[in-house]
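Same chain, two partners: chain A is paired with chain B first, then with chain C.
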Partner chain A sequence: MKESRVKSEQRERQVPAGGSEYAIEINNLTFTYPGGFTALKEINLKVKRNEFVGIIGQNGAGKSTLLKNITGLLKPTKGDVIVVGVNTKDSTVADLATRVGFVLQNPDRQLFAPTVEEEVSFGPKNLKLPADEIKQRVQEALGYVGLLEQKDAFPPALSKGDRAKVVIASVLAMRPEVIILDEPTTGQDFRGCHQIMGIASRFHEAGHTVLVVTHHMALVTEYTQRTIVLCNGTVLMDGETREVFSHPEMLRQTFIVPPQITQAGTDLKEALMAARRGWTPRTVLTVKELGEDIVAAMKP
Partner chain B sequence: MSEPVSGKPTKGEPMIKVENLWYKYPRTKKYVLEDISFTVEKGEFVALMGANGAGKTTLCQCLNGVIPNSQGGKVKGRVVVGGLDTQETPISKLAQKVGMVLEDPETQLFTTKVKNEVAFGPENLAIDPDEIMKRIAWALKVVRLEGYEERPPTALSGGQKQRLAIAAALAMKPEIMVLDEPTSQLDPIGTLEVFSVIQDLKEEYGMTIVMATHKSEEIAQFADKVLMLHEGRLVKFAPPREVFQDLELMKLTWTHLPQISELILFLRNNGISLKDFAILKDEGVAMVKEALAGKAGRVAS
Partner chain C sequence: MSVVQYVEGNSLLHRLDPRAKIIMLTILTIIIFIVENFLMIGAILLTILLLWWSARLPMKTLASYFKFLTGLFVFIIVIQGLFYSGEVILVQPLIPRWVPLIGGLGKISLDGALFGILISARIICLICLLPLVTMTTPIHFFALGLTKMGLSYQIAYTMTTALNTIPVLQNEASVVMDAQKLRAFRVFEEGSFVQKLKAYPALAVPLVIGAMRRAQLMGVAMDSRAFGALKRRTYVEDIIMKPQDYAVLAVFAVYCAAVLVGNFML
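Let's turn to the complex of A and B:
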């Protein structure tokens, strides 16, 4: 935990009682939908505080079902989900919303107020906070995502990137310990993708926990430290992002291929070793990493 | 596919002709499309690129007649698809020529079973039931939804819904397909599968395809041309290789280059100039291998 940074970011907050080392603990979670379809089978996962975790897996692997179990929108059929020390079974969605913020895939499903400011103040108002505290939180959250100047705007009139930022601000105004982003970059252009991931990164650097579900592998390799791979409702792999992306044959089982640059790195491995003896190139995660390895190998 | 869409493809025949198209939505002052002109030949695959808000979705809707037939607003200029003028042809007739996959599949799906969703279009064309059954099986196989025939679409995941919307459009076997970010929610292999199905449809049946997408790596591999929009204007209409090498344009439009192209630029900025630009992984890898081998040669001698 980087407490000093938390304070410097003016995100002073209470560390929840109990002070468990884990932000999320999932024990033997099985979830079956009312129609009888079992979407998650005996999942065991622990996410420490201040981790930045990517969750990947094929369409229908169970990613969204897992997120809904973490945010309390769904309750386990079997097993337990403990979020910042609280079992979701003993808690309400409203209570959990102050612990874990959920940014949905499509911002337009989440926006409803006539102005950006009202949208962002909706959550804190429901916490029955005093007016000046609400105002402060809204300012802080809009500042965080860079939308202070748009506070009077009509949300549907904003660009798609800005609409996503409004949703993130409304989640941050609840001052959650954890934020979960469900395919936040779907339909976003390049600029939007990196702005959204940049906000998530800053939240992480301020000492918080971030979970992101995405099909955009280049973002997973660029931003996360740990990757959880789901396949047909079970955990197929869970480890350091670099390690996970070193197993393309495993990823393929869940219809995932590593980013193009990681594949290019694999294709170049032998040539790099031949050019620089006694060196085993790493699995590269970014363009910069492969570029640096090639530059190093080209040196006389 | 059991039969060709519309006889043998003849390359070089314009399938889409857009002439000086201007469009603004009802109750707004600004035109969202300004003076757009281009033609797409039969059997071509055109990728529509541009930042969010550049006009991609609006242009897609102009191509299937949703604009102006059901949206209203003000149109200047002409859009002709498969020989039909969109301003003079009812949308029901246009729908037989132009298949459309919307950006958000939830706005498109409405039946209670996956198979009914796929059957709906062909049924409305009064196609023989045996043929419809064949088309359902084919279209669901293509999008990796075999075995889901009896499931309600509402029980599918986001990506599976998107696949279903694609299957429903494919089952119509239209001459032209317009797809608005059809792979935005798909897993990486699912994305590749959609692009390769489109490649097959194009090559085997001469289907003409316009697809709005940000996926530059797949565009580099599959598209014949890129139509780049910027703030409602057409700023470039050329093969991907030419578009991706125009770095000024890439910056202006915030376009994400294929990672292999970024690698070439990184090396260039660090004093390693390769003989050419690359937009495909294999060509970039080959160039780097050559440079590494050249270095090894120099060291040995």
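Let's turn to the complex of A and C:
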């Protein structure tokens, strides 16, 4: 009985999954806040299944507003947002939540339960799942973020990195198809940043779609395949991460500077191109790549 | 539903000295509690509504107060009707008299219902009155007004900080509600009134923890800037009572007298 229920649920999930090649389709999205401020203007974007997308842009560019429109917390003033085959206009946040998981900016404000376990089980309980399934999902989600041992802890008393992970686990426990993270790395130390991006990365490798907003350019270049640059409510650039970071002059318009390693790579590239005509190395995204290019350049 | 957010404007209420506004607010609050005559409480409510309109305060907010409070008013009127004995009975006993112990309960008296209406009218008057001051006075002027009237700066500062905190708390509450919706919690989107009422206490935990964190930080920030080191303060922006303020106070005095006379004579 229980098994058949789980199975029919999986089947339900697979129907939209087979429906479209896009996880997210945004058509002519304009969004105006009640006060009259238009935060998004005529946005058109398509995100394929299993993409890992970074969204960057200065403070106030409209990143959070865009993410809230994707998750249904805000509904478009004009245009449509279609998430895993469902138009957000025809759905509630709660219904969309099983398709797209959203970790809001500032994890601390999203913790409301007395223990980590209760925090993570809050979502599955709302889905009215059987008790053993809830338990299994909590185990799985906490295992995913490496917090199994802290399951009885009081969430606000955890370290900053662990608090962020609890929120991520609570969202993962919904088993969404897409996961969206709004500045999950802000205020985290080096280890925290990479642990969080590592979780996102594993989720991506498991076949899911991931969108991450961050102000850490080095994390964007290291982890994402595609980068979308927002500027004053419009899409300034959108493309392969390597391509986007090959245009520092455009990025500067929205006060973004490529990571230092990319800048060093660009300097090296110019020096090499001057020395060896007709040879154009790639735009460097990571330390590893720069190392490889230096080795390649030293070969005769 | 913001209660204390300052609304930009240049109406008479906006231009009045904060002290004049505080005096009128205090006196009118007392009068609202004194008045028992329906005509007079109605007149006060009408005056308040007219002032909202003249100060161009958002009518939407006003409407939301009424909408929000309707349930409470129905509750008050029914409860008063049930427990206030009176001659005229509006609704006959819901429970027949022959039932032991609770027989005969459940009748609603006219006097009780009228008293319930009076209490409801007082509540709506008070709730609509406060924003007439808070929405037309920038918060630092409000504090300045209080200190000039003899309140210690420390206490005035505490009060304005508390008022300033309300929008912050509202914002934080909506973030927690969003986080809950994102985990398939349906009550805020499609739940009944009772379900919503039950869901609000859960919001208190993160709000209180957040408030305590902020208070601690703020204390450190204030100490590091020597808050309260000087007993006598000077002010960058000062306020002075103008003839206009005295004129308004005079008109207000006449208004109050008229309301009180009306209340005791009619």
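For the reader, a short list of remarks on this structure follows.
One rule holds for everything that comes next: the second predicted complex is superposed on the first by the 275 of 300 C-alpha atoms of A that agree within 3 Å, B and C clash if a C-alpha of one lies under 4 Å from a C-alpha of the other, contacts with A are read in each partner's own complex, and residues count from 1 in each chain.
By definition in this document, a residue touches a chain if its C-beta (ideal position, glycine included) is under 8 Å from a C-beta of that chain, and two chains touch if they have at least 3 such contacts.
This is a predicted model, so every value here is computed, not measured.
Note on chain A: of its two partners chain C and chain B, the one contacting more of its residues is B. When the two structures are aligned on the shared chain, A:F203 is found in touch with neither chain B nor chain C.
Of the two partner chains placed by superposition, A:F31 touches none, neither chain B nor chain C.
In the overlay built on the shared chain, the residue A:M174 is in contact with chain C alone; chain B does not reach it. When the two complexes are overlaid on their common chain A, residue A:F245 makes contact with neither chain B nor chain C.
Look at A:G123: by the touch rule set out above, it reaches chain C but stays clear of chain B.
When the two complexes are superposed on chain A, the residues of chain A that touch both chain B and chain C are 106. Taken together, the chain C residues at the contact with chain A in this complex read 172, 175-176, 178-186, 189-190, 202-203, 205-206, 209-210.
Per the touch definition, chain A reaches chain B in the complex via residues 33, 35, 37, 57-60, 63-64, 105-106, 159-161, 183, 186-193, 215, 217-218, 252, 254-257, 259-261, 263-264, 267-268, 271-272, 274-275, 287-288, 290-291, 294-295, 297-298, 300. Put simply, chain A touches chain C in their complex at residues 71, 73, 92-95, 97-98, 101-102, 104, 106, 108-112, 114, 122-123, 126-127, 156, 167, 170-171, 174. Contact residues on chain B toward chain A in their complex (touch as defined above): 50-53, 103-104, 155-160, 162-163, 181, 184-192, 214, 217, 254-256, 258-260, 262-263, 266-267, 270-272, 281-282, 284-285, 288-289, 291-293, 295-296, 298-299.
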